[in-house]
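Chains here go by letter, A, B, C, D and E, matching the order in which they are written, and residues are numbered from 1 within each.
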Amino acid sequence: RGTGEPVVGLITKTDTNPFFVTMKKGAQQAADEQGVDLQTFAGKVDGDNEAQVQAIENLISFGAKGFLITPNDSKAIVPSIDRAKQADMLVIALDTPVDPPDAVDATFATDNFEAGRLIGEWAKAKFSTGGTQARIAMLDLNPNQVSVDVQRDQGFLEGFGVDIGDPARIGDENDPRIAGHDVTDGNEEGGRTAMENLLQKDPTINLVYTINEPAAAGAYEALKAAGREREVTIVSVDGGCPGVDNVAKGVIGATSMQFPIKMAQLGVEAIAQYAKDGTRPQNTAGKDFVDTGVQLITDDPQAGVEAKDSAWGRQNCWG
Amino acid sequence: MATTTADFETRRHDSFGLRVQHLLHGNPVLGPLAVLVVAIIAFSIVNVRFFSAANLSLVLLQVTVIATLALGQTLIILTAGIDLSAGAIAVFSSILMALFCTDAGMPAPIALLLGFACGTAMGALNGLLVTRIKLPPFIVTLGTLTIFFSLNAVVSNSETVRGADMPGLMTWTGQSIPIGDFRLSYGSIIMLLLFGFFAYALSSTAWGKHVYATGDDVEAARLAGIRTGRVLFSVYTTAGLLYAIAGWILIGRLASASPNVGTEYNLDSITAVVLGGTSLFGGRGGVIGTLIGALIVGVFRNGLQLAGVEVVWQGFAIGLLVLIAVSIDQWIRKVKT
Amino acid sequence: MATTTADFETRRHDSFGLRVQHLLHGNPVLGPLAVLVVAIIAFSIVNVRFFSAANLSLVLLQVTVIATLALGQTLIILTAGIDLSAGAIAVFSSILMALFCTDAGMPAPIALLLGFACGTAMGALNGLLVTRIKLPPFIVTLGTLTIFFSLNAVVSNSETVRGADMPGLMTWTGQSIPIGDFRLSYGSIIMLLLFGFFAYALSSTAWGKHVYATGDDVEAARLAGIRTGRVLFSVYTTAGLLYAIAGWILIGRLASASPNVGTEYNLDSITAVVLGGTSLFGGRGGVIGTLIGALIVGVFRNGLQLAGVEVVWQGFAIGLLVLIAVSIDQWIRKVKT
Amino acid sequence: MTPVLEAKNLTKRYGRVVAIDGSDLELLPGEILAVIGDNGAGKSSLIKALSGALVPDSGEIRLDGEPVRFRNPMDARSAGIETVYQTLAVAPGLDIADNLFLGREERRSGPLGTIFRMLDRKHMRSEARRHMTELGVGTLQNIGQAVESLSGGQRQAVAVARSAAFGSKVVILDEPTAALGVKEGNRVLQLIRDVRDRGLPVILISHNMPHVFEVADRIHIQRLGRRIAVITPQSHSMSDAVAIMTGAAPPPGE
Amino acid sequence: MTPVLEAKNLTKRYGRVVAIDGSDLELLPGEILAVIGDNGAGKSSLIKALSGALVPDSGEIRLDGEPVRFRNPMDARSAGIETVYQTLAVAPGLDIADNLFLGREERRSGPLGTIFRMLDRKHMRSEARRHMTELGVGTLQNIGQAVESLSGGQRQAVAVARSAAFGSKVVILDEPTAALGVKEGNRVLQLIRDVRDRGLPVILISHNMPHVFEVADRIHIQRLGRRIAVITPQSHSMSDAVAIMTGAAPPPGE
């Protein structure tokens, strides 16, 4: 240690999710290019705010120039970020914004509401061409109403044309097309169990929104076991390579791809820049964050919804 | 009973109530069973769809992995231990066997057996630490839990291995035989056979008696000439194998091997064991109770969703129901003495 | 020692080794302490920055909440119980006191006291279920854990309450007194005072003896005329209060009350207790060991990060180190007999 | 003379096992009442019912002629009934002094005791050593030893010392000399006489006939869960007693 | 005549407590050797060292003249030494038959036993009842009762029955009659004689001098952790023995 290179921190939600693993790889690559010393931290589980607070404390004590963080608790992390900023650090939120958003110097993120809205619009177009009445199952993350979960869920419903009520709350809609909500913890097992139970509750479900692609894969297994996989459309968000493969195989109808490597690279570059000459990054015009983009991937394109196919997706996927 | 007039006489004079007492006395699983039956009846009333063959087969399917884990957990808890690494071993084993037959290109049976061997070895590691260095099981398995989870993340690169990329044997446990509307998966069949096997081994073999004696009072068992170290080691090793089998069943269930599942497995499996009436202090209980305990949890989870209870309130309801279930069991036990 | 020539004689003939034995025999916390010292020395060698006043004060700050929770947990484990709801009570109490003084607009001292009262009541609920319905503590707190977490989500609407919106008293625990480079937070002071208080209460009051006797052998304690029900109830209730205080310290530490923290608190607090040498079977151990146990975990976490160990491998290293720490402790104990 | 302690028609069943089957007992003021009977005759169960350690299924208990209901050992203890159980009921991890004073610890005098509720450990320890020496247990090397590491007889002495020191109305001893050596056993017999001479009646369960015949004023014979006779050392010989107890001879008066 | 079992200069310390302080012991073929001594004299510790339950700090143990090292009770047991400990060492949750056969369960004959390793529960139960009846414990109402619910004496009978049934070289009994009734105690004495008559030597620890003098061939007197004398019932009277044991009289030959 002690190479004299400026220290840059990366604090992810967990260290087991492929999304963050990818993000870390991207950051490491950029750090090597920029000649900075990357220190990585992670929460023990999703939602583990305290580990992130400790990570910031450690970074302050290391004298880091700045750090990138995917906050586990958007609000609760803010006081720690304030302390870091007092120590003249550049703080960048990655993937998940903090609350209030201007507590950080910049946010490099997927517009999760937009990601949800894209698959919602696609599904709406598909169902209106098919002429069938939709029965929707909503497979969310967990009961905590975290921002990513809320934004994707509400974005999807908005895109599909459902009155979403309070856009900050999941489950306050009373559209009869929604057959039910359940939580998946964002993994295959949760996805399968939730799908199984919702199918028991309402066997006529034909459209499934999933918080991410592992949950989608689990939901597909449940549908397959019930013999309904052909009649049901699954939409998801992420753009991981297994997810894109599943689009190609017809398991997932459409998914919104996000770009974690880009997020991490932009973030590391911004801090390296700041370390060099003190310039701070600028937000995307009209948004309170730097939108790293989102791309709808489907092999069943619908009129009026811009999309790329799974071949393009394979080349640009992560993980 | 082998004997005697005395038995017979007391019995003859018994009131009906006392006979029920004796029945319960001889069959400690009746408590959990009563809870299960009540739960099933209650949920059937709330939602008629609950008590359909299709839904019940779903409940069985959903508890299969947890029940298999809880079987290993029961063995360990019977020896007054506890295993926090159960979920980690299962998930890590499933990742290993998946990687063996995909990345490493081994034939499926070999990959499977090697996966079992790895799970067994992980269990054996726990056993060694417990018996040789004489560390408390809680801390041993807490340590190996984090170790296995890290290794798991490193080895798998946190990436899911798809079932489609594996030979059919790996996902075979997920297939099922339809019996009318009831769909019995091979995984569930394996699980039930394992339960039968261990119910027998615990009640009718010398090994079973030694497990109970060791859990009851390890010092007394040692003085009575039981090699308690060997018994404990055999239990942890066996549990490791059972977890690996649970890992195999898990691959079938998810049609993939995912490194990110299973965070709740330990608590869930311990819950099943305790709901099934096995004492955390060792020496009392059995595996059939555990099976019922696992089913109770599965029935609650599924039943609440079908009853349309909101997700935030489901946790509340499950907590409450667990407490009520154990209270009922406790009440039934009280009648006994 | 009050007595006697016999003592004195054996002592006089003792070799140096035997004297060390006796020292360790009389002071069971020396084992964990040795582990802590070794860890500190090792990490200081790896990275000089570790053994700085600033960094050590950071470690103390980082363990404060866990240590306070582990204090309550120790009381319960001493009675042969276990509390899985510790983290949930702390977090729920912190949310409640935050909401009392923001949404409900109460004056800060009242909100704080009401928050403590709520935590105490939650502990008392555990105590009632354990003593009245005689349910096993594991299952009681498993049930209330999920109940409290759900209520927490419902009450808080899963939203974080910002410290900036609260009166200063609520976040006061996060402020600190600088002693040179060492920054001692008020939260840490409260925690240390609580440890002192309970170390005294356990070793030098009748209540403490009754806690030990109850944990040692509840039936014997009952026959000896101890109202074991009351003792248990007092322990669970006190633990609830301690968790609520931990919740207050948590608000200061995070400068906010967040409903989503604390999922790992139970395991962490139990780890601290066990590393501190308290037996999960009750009746053996004490709170000073727990403080050391909590510090061991904090030192490992911080030291590994400073040593530049990668995140995936940190879990591995912590698992390994926990095992090594307990092994060393075990080895020291062995010397004793 | 009203009996100090009286049990009428007590019954206790465990599932299919009958432990007490309509048993009576009377303890007169100032007497030593021995209870003898085969293994499993229900002696321990009977005195557990008297000391609140078990709640009988039916039957009545009277203390000084008043019906009482003990729901737990603490109830009986506050009524002045002190019991040494056959299983000893000691807290294995605590030391001798702690066990001796368990449930009625002595506090320091002054504010340390009243405000800080500090125990007077030194005094309790020296008292403990005194009690143990009084019982003839001189082999004790370390008064701070945990009770679990004591020899069988030493442990029994702890339990006996406790009851003798604290009984205020009735002292019940379930096989107090079983694990004791000759000298220690005799000391306990002496102790029992001392307690009686202090005016407290004693119930003594023992299988040791010489002991029983040495100290008892009356002997209650228990058989198959019920009292079948009450004799005195004057009216009957040891072999008569054993014969009645084992069923070899009919009980007197039948 | 080489002793069957011989201990030389055994020592065992627990921290500051000395339990065995350079003690010797010799057990000759076919004899009943009684070990007596005050409470805490180290009798139980001594025989625990002989049966592998504790590993002495120093000293030597010889079986049939060969030095042996028992690291655990199983070692001693496979060498044919069967022990009844003072703490009884029964598994409280198991029933009588299970405890009696613990560690050497009997399997069914035929494939059920060899392949399925099924226990012959029926046979073990009837054997258990036979053993208990042989010891005079006739009050047992339910042979399937868990041992923890037995009376003190019944529990002791289980432990004694086990050792008597299975000892093949030496039988060691640590206060086997302490909790037993008169009849049951006499049966155990008879059992001890029967075992001796089968050719097995027996070590009997007891505080009951009449019992000791009734059955013992030689009497080993333990005091403060060491053997201070070996006498015989013919050479000394009971009161001599007690005097030597308690230190009131000097050991013979000094």
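The rule is short, and it goes like this: a contact is a pair of C-beta atoms (placed from the backbone, for glycine too) under 8 Å apart; a residue touches a chain by one contact, two chains touch by 3 or more.
As the structure is a computational prediction, the values presented were derived from the model and not from experiment.
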Could you tell me which chains make contact with subunit A and subunit B both? C
Among all chains, whose Cα centre is located farthest from the one for subunit B? D
When the C-alpha atoms of subunit B and subunit C are each averaged to a single point, how far apart are the two points in Å? 31
Where the centres are mean C-alpha positions, what is the separation of subunit A from subunit E, in Å? 72
I'd like to verify one number: the distance from the centre of subunit D to the centre of subunit E, where each centre is the average of its C-alpha atoms, in whole angstrom. 28
Which integer distance in Å separates the CA centroid of subunit B from that of subunit E? 41
Touching at least 2 other chains, the residues of subunit C are 7, 10, 150, 153, 312
Pull out every residue in subunit E that's touching 2 or more other chains. 14-16, 18, 87, 141-142
Would you mind listing the residues of subunit A that make contact with two or more other chains? 15, 45, 143
Using the touch rule from the top, collect the residues of subunit A that touch subunit C in their complex. 1, 15, 39-42, 44-45, 47-50, 53-55, 57-58, 61-62, 72-76, 78-80, 99, 143-146
Partner subunit E, residues of subunit D touching it in the complex: 14-18, 37-41, 44-45, 86-87, 137-142, 145, 149-154, 157, 175, 178-185, 207-210, 224, 242, 245-246
Spell out the part of subunit B that touches subunit C in their complex, as residue ranges. 84, 129, 133-136, 138-140, 142-147, 149-151, 153-154, 267, 270-271, 274-275, 279-281, 312-316, 318-320, 322-323, 326-327, 330
Applying the document's contact rule, which stretches of subunit C touch subunit A when the two form their complex? 47, 49, 54-55, 58, 61-62, 65, 150, 153, 157-160, 162-164, 253-264, 301-302, 305-306, 308, 310-312
Which subunit E residues qualify as touching subunit B in the complex? 53, 72-74, 77, 83, 85, 87-94, 98-99, 102-103, 105, 107, 116-119, 121-122, 125-126, 129, 141-144, 162
